[in-house]
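Order of writing sets the labels: A, B, C, D, E and F. Residues in every chain begin at 1.
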Amino acid sequence: MKKIEAIVRKTKFESVREALHEADIDFLSWWEVKGQGTAKQGLIFRGVAYDVTTIDRVFISFVVRDVNEEKSINAILKSAFTGESGDGRIFVTQIAQSIRIRTGDHGDESLYDKE
Amino acid sequence: MKKIEAIVRKTKFESVREALHEADIDFLSWWEVKGQGTAKQGLIFRGVAYDVTTIDRVFISFVVRDVNEEKSINAILKSAFTGESGDGRIFVTQIAQSIRIRTGDHGDESLYDKE
Amino acid sequence: MKKIEAIVRKTKFESVREALHEADIDFLSWWEVKGQGTAKQGLIFRGVAYDVTTIDRVFISFVVRDVNEEKSINAILKSAFTGESGDGRIFVTQIAQSIRIRTGDHGDESLYDKE
Amino acid sequence: MVKKYFKYIGLPVGLSMVMPVFSYAQDAAVAAAVPAVAATPEPFISAGNTAWMIVATAFVMLMTIPGLALFYGGLVRSKNILNVLMQCFIITAVISLEWVAFGYSNAFGSSTGALAPYIGGFDWAFLKGISINDVSPYYISQATERIPHILFVLFQCMFAVITPALIIGAFAERIKFRGFLIFTVLWAIFVYNPIAHWVWSADGWLLKLGALDFAGGTVVHINAGIAALVMAVMLGKRRLPKGQHITTPHNIPFVVVGAALLWFGWFGFNAGSGLAADGLAASAFLVTHIAAAAAALSWALLDWFINKKPTVVGISTGAVAGLVAITPAAGFVDVSGAIIIGLLVSVFCFFMVSVVKRKLGYDDSLDAFGVHGIGGIWGAIATGLFATPLIQSAYSGVFAGNPKQLGIQLIAIVSTVVYSGVGTAILFKIVEKTLGIRATEEEEVSGLDITQHDEIAYSEAD
Amino acid sequence: MVKKYFKYIGLPVGLSMVMPVFSYAQDAAVAAAVPAVAATPEPFISAGNTAWMIVATAFVMLMTIPGLALFYGGLVRSKNILNVLMQCFIITAVISLEWVAFGYSNAFGSSTGALAPYIGGFDWAFLKGISINDVSPYYISQATERIPHILFVLFQCMFAVITPALIIGAFAERIKFRGFLIFTVLWAIFVYNPIAHWVWSADGWLLKLGALDFAGGTVVHINAGIAALVMAVMLGKRRLPKGQHITTPHNIPFVVVGAALLWFGWFGFNAGSGLAADGLAASAFLVTHIAAAAAALSWALLDWFINKKPTVVGISTGAVAGLVAITPAAGFVDVSGAIIIGLLVSVFCFFMVSVVKRKLGYDDSLDAFGVHGIGGIWGAIATGLFATPLIQSAYSGVFAGNPKQLGIQLIAIVSTVVYSGVGTAILFKIVEKTLGIRATEEEEVSGLDITQHDEIAYSEAD
Amino acid sequence: MVKKYFKYIGLPVGLSMVMPVFSYAQDAAVAAAVPAVAATPEPFISAGNTAWMIVATAFVMLMTIPGLALFYGGLVRSKNILNVLMQCFIITAVISLEWVAFGYSNAFGSSTGALAPYIGGFDWAFLKGISINDVSPYYISQATERIPHILFVLFQCMFAVITPALIIGAFAERIKFRGFLIFTVLWAIFVYNPIAHWVWSADGWLLKLGALDFAGGTVVHINAGIAALVMAVMLGKRRLPKGQHITTPHNIPFVVVGAALLWFGWFGFNAGSGLAADGLAASAFLVTHIAAAAAALSWALLDWFINKKPTVVGISTGAVAGLVAITPAAGFVDVSGAIIIGLLVSVFCFFMVSVVKRKLGYDDSLDAFGVHGIGGIWGAIATGLFATPLIQSAYSGVFAGNPKQLGIQLIAIVSTVVYSGVGTAILFKIVEKTLGIRATEEEEVSGLDITQHDEIAYSEAD
C-alpha cells in the first residue's frame, strides 16, 4: 500500500479530483496548506505591488493499493500540469497498515469497496 | 516508531481524543481536512436540497512507540465507530526518526515523558 | 529521500523558515494544526480564567535528499527552541518516490533546482 | 416608560365615534404631571417627533438582527452560529406578525372587567380602527406634539421582538428548532404581553401602582432574564467534553460588532422611549451612553485586577450590562446616577457569571440571566434609588426623598420574577411533553446548524 | 412614489426668475389630490421632515454598502467575495458622480418636445441653479412642509446607486471587472435614468398614465431583475466542476448581516419615499416591516415543508423578497395587504429559484432575477390589487373597486420589462464586442479576487 | 464648525443667575453673520433639529465602534485584531467618561484670564448647571431653533472619542495595552481638549482668527494624523520577518464593512456639524457623499493605472481619505469644490503611503498619518481655497475672492501640527519612561490578542 501525497495549485484541485475519479480513485482527503517554492504571488496593498513567496496550495493525500500507484500518479501529473512555475510535487510513501473503521477491514481490503 | 494517522468524523473527534487519553496517548496533532469517500452530506440552498461528496473530517496524526501501536488503533476503532458510511480510515507508517525539540531526545525517548 | 515533519510553535514558524532558508532549504509546505501535549494555554472568558490543552501549532512538511536531512533537523532544532514546554517534535520518514509535476523529474532530481 | 395615556380614538373612515375620549387615570403622585383635560390643546402629529421615532424604531430592530444575532452568534461554537442567527431572524418575523395580529392589542389595549389591569383585549387586533393619521394615545413628555399611533405600535413591536430573542442566550447550542419556535411564540403571548400590559398600558396595575420602568427593565430584561434562568435549569446542561464547562467563542469580532450595534440601537430603545425628540430624549440618550461607558470600563478593570488581563468579551459584556441596567432608569436619573448604575452593574454581573453560576451549576450558555436578569434587577432597584425630579419632576427615588418608590420597584420586580418564572416553566413543560425541546446528543455533537438547518456557516468548497 | 410635482424654481444668486412657477399636470384621477394653486401656502423647509429624510437617505446608502455587498458577498465562494464588494463599492462611487453630473437632471428634470415624457434634459446638470435652501419640487403628502431640493437629489442618488448593484447577483463570479464597470455606467445612463423619468418625474408618461410605484417596484426591482436575467443568459453559465450547478455560500453569517441591513435600510427606502415624517411614512414603515416578516416566515415554512428543514439563507432570501414586493405598494396598502403580499411573494420566488431556474437552465448566480424580478413584478401587480384609499385617498386598486389600476400596472410592468430587457441586451453586446466582459476560464477558476484585484480576502500570513 | 456662540446660561433649580447673557465675540468678517442681540427671539428646542442631532450623534458613535474598529481590525494580522477592537472599545468608554467629567468643560467652556483662548475651565464639569431643557449655546445656521445643550455635549463627546481612536492606526500591532491606555487618556486631556477649544469654542483663538473647520479637519484629522506620525516614529517599526515591510490584511471584508460604516457615520459627523436639519445640513451631506465618491474612484483609478489592478482596500482607503478631506470644508463648499477635493486627496494620500512612507522608513502600520494627516491638511487648505458664499454667505475662500482665508487656514494647520506633535512626543516619553509602551518581541510575535487579552479571535475548539 502506498500513500500518495500531492501538493497542487488551488485552481487545479478540481481537475485533479476529476482525473483521479476517472482513474477510479474515489477515496481521498485533502486540505489547504501554504507553500514556498519557486513561484511567487503578486499582491497590491495601498499603492504598493509586492510579491509574497507564501502561496496557498492544496495538499491531497490518499492511500492506494500498490497496483494503483502508477495510474494515480499519471492522473495527477496530467491534470495538475500547467508548465508554469508552481505546479507542485508528488511524494510516495510506503504504508505499513490500513484499516477501515466502519468495517474493520485491514490492508488492501480496506482500500476498495467490495460490493 | 509508528505514525498513526486517522481520518474521522468531526463529531467523533472528542470521543477519539478521550479514548486515546484512556489508552495513555496524550500527545497528538490534528487538523481539519475535506474528505471524499462513500458518504454524502445533504445541504439545502434556496429551495434545492443537494448532496455534496466533500465532507469535513478531522485528520489525527501522532507518533507512538511500536509497543503502543495496537492499543492506539483499538482505541480509535472503538471510539470513532458508528457503523454508518463515513467512519473513516486509519493508516500506519514506519517512522525513521523522532526528536523532541525542547529536550533534544531522539527515538523512543522523545515519545513519552520521562518524569 | 526523507520527509521531515516538524510541529512547532506558531510564534517560531518565521524563525524556522529563516533558519531553513539559511540551510538552503527553500521548498516547503506547512499548515496550521491543533496540538495536545504537555503545554497549556491560558484563556479568560467572562471572569473565568481557564486552561485549554488544545494549542495552535504549525505543521511543517518538506522532503529533502538524504544528504540534507541532518542540516535541516539542526536548523529546526536551533530555531524552534525556547526551552519552555511546548516546543514540539520533528519526525522523519523514508520517502519512496518524489516527482516534480512541472518538469516530470523523479527522485533526488525533483528536489532541487538544476539551474 | 411610565406612559401618559390619552385615549384618543382616531377617525377611521366609516367609524361613528368621533369624539376624543379622555380615560386617563393614575395614582395621585403621578397625576400631578398630567395637564387638566380642559386645557389640553388638540394633539397633532409632530414631524420632528415622528422623524426621531421612525429612526428609533429602526434602531431597535437593528438590535435584534444583526445586533444580538452577532453578539450571541460570535459567542457560540462555529457549528451552532446559524442556529442562533435563525432564531433571531425567525423571532423578528413571527413576533412582528403576532404583534399586529393581536399582541399589541393585548399588551396596550384595554379590556373590561377584572382582567383589565392584567391583559388587554382584542379591540386593536390587526390594528382595526387605527387609521394612519391617528395620533398615538401614548405619550410621555409631549402631550400635544405626538407621533402616529401606528408608529407607536411598530416601536413597541420591536420591543416585543427583542425580549424573547434575549432568552436565546440561555438555551443556545442545545435546543430543537421546532420546540424553540413554539415555546417562543407561546411565551410572547402568555408572558410578554401581560407583563407589558401591567407596566406600560394605561390600565396596567403596576403602572397605576407607580412602578417606574422607562424603557423595559422589568418588561424586557428581568422578564427575559428570569425566563432564561428557568430555561437553562430545565433544559439541563450542554453535553460538553468531559470536565469542560466553558466553551471558547468562535468569533470574537462578531461579538464586538454585535455589542457595538446593541449599544447603538439602544439609543433608539431608551431615548426613543420618551416618544419625542426633546430634552428628555436627549437626557435618556446621555445617561444611556454614560452608563454603558461606565459599565464597560468597570468590567475591563475587574478583568484586569482579578484575571490580570482586560478582555474584549469582558468589555463588550460590561457595555451590554450597563445598557441593561440604565434601561428602566433612563428617563429618571441624571449623569451621576448613570455613572453609579454603570460602575456597579458590572460588579454584580461579573460576580454572577464568574462565581455564582459555576457554584450553582446551571448552564446559562451565554449568560442571558447573568447579564439581563441581574442587570435588569439592579436597574429596577437603582431607578428607585436614583430617580431625580430634575429629569421628570413627578418622579423621585430614595435619594431624592421618596423611599416609597423603592418599595414599589421591589413589588414590580418580584411580581415580574414570579410570573415570568412560573409562566416559563409551565410553557417549557407543555412544549417538552408535546413536541420535544431538548436536542439529542447526536444533534448537539454534530452541531445545530447542520442538524436543524442543513447548512454550514463557513464553507470553502468550490 | 407617485410624486406630486410643484415646480418651484429656486432663487440662486444672480438668477432673475424669482416667481414660483406651477407646472404640474396629471390625469384626472390623480389631480384631485392636488391643492388648487391659489390656496397653496408658500412651501418651506421643515426641520422634522428634513431630519427624517437625511436619515432615510443614509439608510438607503447603507443598503448597498455594506448591506447588499455582504448579502451577495456571503453567498459567493470565498475566492470571489472581494470582487462583489468592489463592484458594490465602485458603483456607489461612480453612480453618485454620474447622478450629480447629469443623471438627476435626466431622470427628474424636464426636457422639451417629444422626448419630454421619456427623458429629462440637462438643466440641472451639476445641480446648476439649485441653491441649498431651495425646497424640493417633489413631494407626496406634505405640500407645504418640504425638504431641501438637494436632499431630494441625494435621496434619489441612493436609488440610482442600488439599482445597478442589484444586478450583480446575476453575473457574479464570472465577469471581467472592466467590462462590468463600463456596462454598469452605460446601463445607469441609458436604462435606469429613462425609466426613473417615466415613472417618477413630473413629465413621465407612466406617471401621467397613473402607474403606481411608491418606492421603486418597477424602476428599481423589475428593472434590475430583468437586466439580471438578460445578463445571466447572455454571459452564460459559470464554469463549475462537472455536474455541479449549485455553489455553497462561503459565509452565511455575512448573508444574514447583509439581509438584516437591507431590511433596516429599506425603512429609509420605503418610508422615506413619502418625503416626509408623517402618518404616511409611518404607514409605509409598518407595511414594509410586516411584509418582510410575512415573507420571511413564508419562505421558512416552504423550506420546512418541502425540504424538511428551515434554512437561514432561505429566511433571509424570503425577507428580501418581501421587501421587494412591498416596495411599490408601501404607500398604498394597509397591513392586511402587506401580509398577503409578503406571504405570497415567497411562494412565487421560491418556486422560481428552486424549480423554474433549473428547468430553464440559465445561471442567475445569486437569484437577482428570481428575487428582484419576480418579487418586483408581483409587487407591481399587487399594488394594483390591494391599493386602498384608506392610505392615500386618491389611489385605489382592484379590491377597492378600481379595476382599471391593474391594467395600468400591467402597462408599467410590460414597458419596463421590454425596455430594460432590450436595453440591457444592446449594452451587453456593445461592451462584449469592444472590451470583453466574460471572465476567462483561468480567471474564473483562480477566482476574481486574485485575478481582478490582486488581493486575497482572508489571509493568515504574518 | 465655526460655531456661533450664544451663551445661554440655563436655569437649574437653585441657581440664581437667570438672565441669558450674551458673550459672543468674533472678528469683523464673521460677526456680520450674527444677528443683533436685541432682535434675537428666544431660542427654543426644535423637535426636528433635535431628532436629527440625536441620530447624528449615534451615527458618529457608530464610526468608532464598530466602524473604525472593523476598518483597522481587518487590516491587521489575525493575531492582533482583538487588540485593535479593544482599543476602540475602551476609548469609547473612557473618553466618554472623561468628557462628561471635565473634557467638555475644558473644550467648550469658558475660563478667565490669559488662558481663556486656549483652554476652558471646569464650570461645566460633570455637566453641572446644565439642565435637560436648556438650549445649546452653540449653533450654526439656526439661531432660534436649537437643540438641547446636553445633546450638543454628547454630539461633541463622539468627536472626542473618535479622534484618539484614529491614532490607533499608527501604532497598531506593537503597543502594550496599559501604555496605550494611559497615553490615550493623557492625549485626550492635554492635546485634544485644548485644540478643540482653540477652534470651536466661543473663546478659542483660532475661531476668533476666523479659521474655518466645519467638522474637524484640524481638531480631529490633522491632530490625530500628526500624533500618529509622532507615535509611529517614536515607537519604532514593527518586528516583521526579515526583508518584509508590508503585512497582508487578514480580513478585507471587515475593512470594507468598516469603510462603509465610516462613510455612513460620517453623514452624522459632517451633516450634523450644522447642529440643525436644514439646507446647510443637506448641503454638508451632499458634498460629503460626493467627495467620498470622487476620492474612492480616484484611488481606484490610480491603482488601476499604476499597479494594473483596482483594489478593494484601495477604494476603501480612498473613500475614507475623501471623507477626511471634505470634513473641514463640508459647510463651506459646493458640489464642484467637493469633486475637486475628493479627486485630489487620493492623489496626495496615495503618493504618501506608497512612495513617501517607504522612502522615509517610518512604520505607520495602517496609515493613520498618511490618510488622516495628509487628507486633513489638504482639506484645511482646500477649505481656504474653495469656500463659497453660496453656502454660508459669511465665508469665502481664495477662489471666491478672499485670499486672506488661506493664510488663516495655514496658521490653523501649523499651530495644530506643532502643538499636537510636541504634545504627543512629550506624552509618549512620559508613558514610555514610567509604564513602558512598546510591546516586547515575544508579545509582538505571539500577537497582542493572546498576550494582552488572553483571548483568541477565531477559535474552532469544541
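Here is the rule we go by: a contact is a pair of C-beta atoms (placed from the backbone, for glycine too) under 8 Å apart; a residue touches a chain by one contact, two chains touch by 3 or more.
Just so you know, these numbers come straight off a predicted model, no measurement behind them.
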item: Neighbouring chains common to chain C and chain E, by label; value: A, B, D, F
item: Of D-E and C-F, whichever chain pair has more C-beta contact pairs; value: D-E
item: Distance between the centres, which are taken as Cα means, of chain D and chain B, whole angstrom; value: 47
item: Rounded Å distance between chain B and chain F, as computed from the means of their C-alpha atoms; value: 54
item: Mean-CA-position distance for chain C and chain B (Å); value: 19
item: Whole-Å gap separating chain D and chain F, where each centre is the average of the chain's CA atoms; value: 34
item: Sites on chain F at which at least two other chains make contact; value: 46-49, 51-52, 55, 241, 248-249, 251, 277, 307-309, 311, 313, 453-456, 460-462
item: Shared interface positions of chain A, touching two or more other chains; value: 14, 17, 31-32, 34, 43-44, 49, 52, 93-94
item: Chain E residues touching chain A - in the complex, by the definition given at the top; value: 241-242, 442, 445-447, 450, 453-456, 460-461
item: Chain E - residues contacting chain D, complex; value: 46-49, 51-52, 55, 59, 77-78, 142, 145, 240-241, 244, 247-253, 256-257, 259-261, 263-264, 267-268, 271, 276-283, 285-286, 289-290, 292-294, 296-297, 300, 307-313, 315-316, 319, 335-336, 339, 389-391
item: Residue ranges of chain B in contact with chain D within the complex; value: 10-11, 14, 17-18, 34, 41-44, 49, 52, 54, 56
item: In the complex, chain D residues that touch chain C; value: 246, 248-249, 302-303, 306-309, 311, 313-314, 317, 350-351, 353-355, 358, 367, 370
item: Chain E residues within the chain F interface of the complex; value: 12-13, 45-52, 54-55, 57-58, 61-62, 65-66, 69-70, 73, 81-82, 85-86, 89-90, 92-94, 96-97, 100, 126-127, 131-134, 147-148, 150-151, 153-154, 157, 177, 251, 254, 277, 452-462
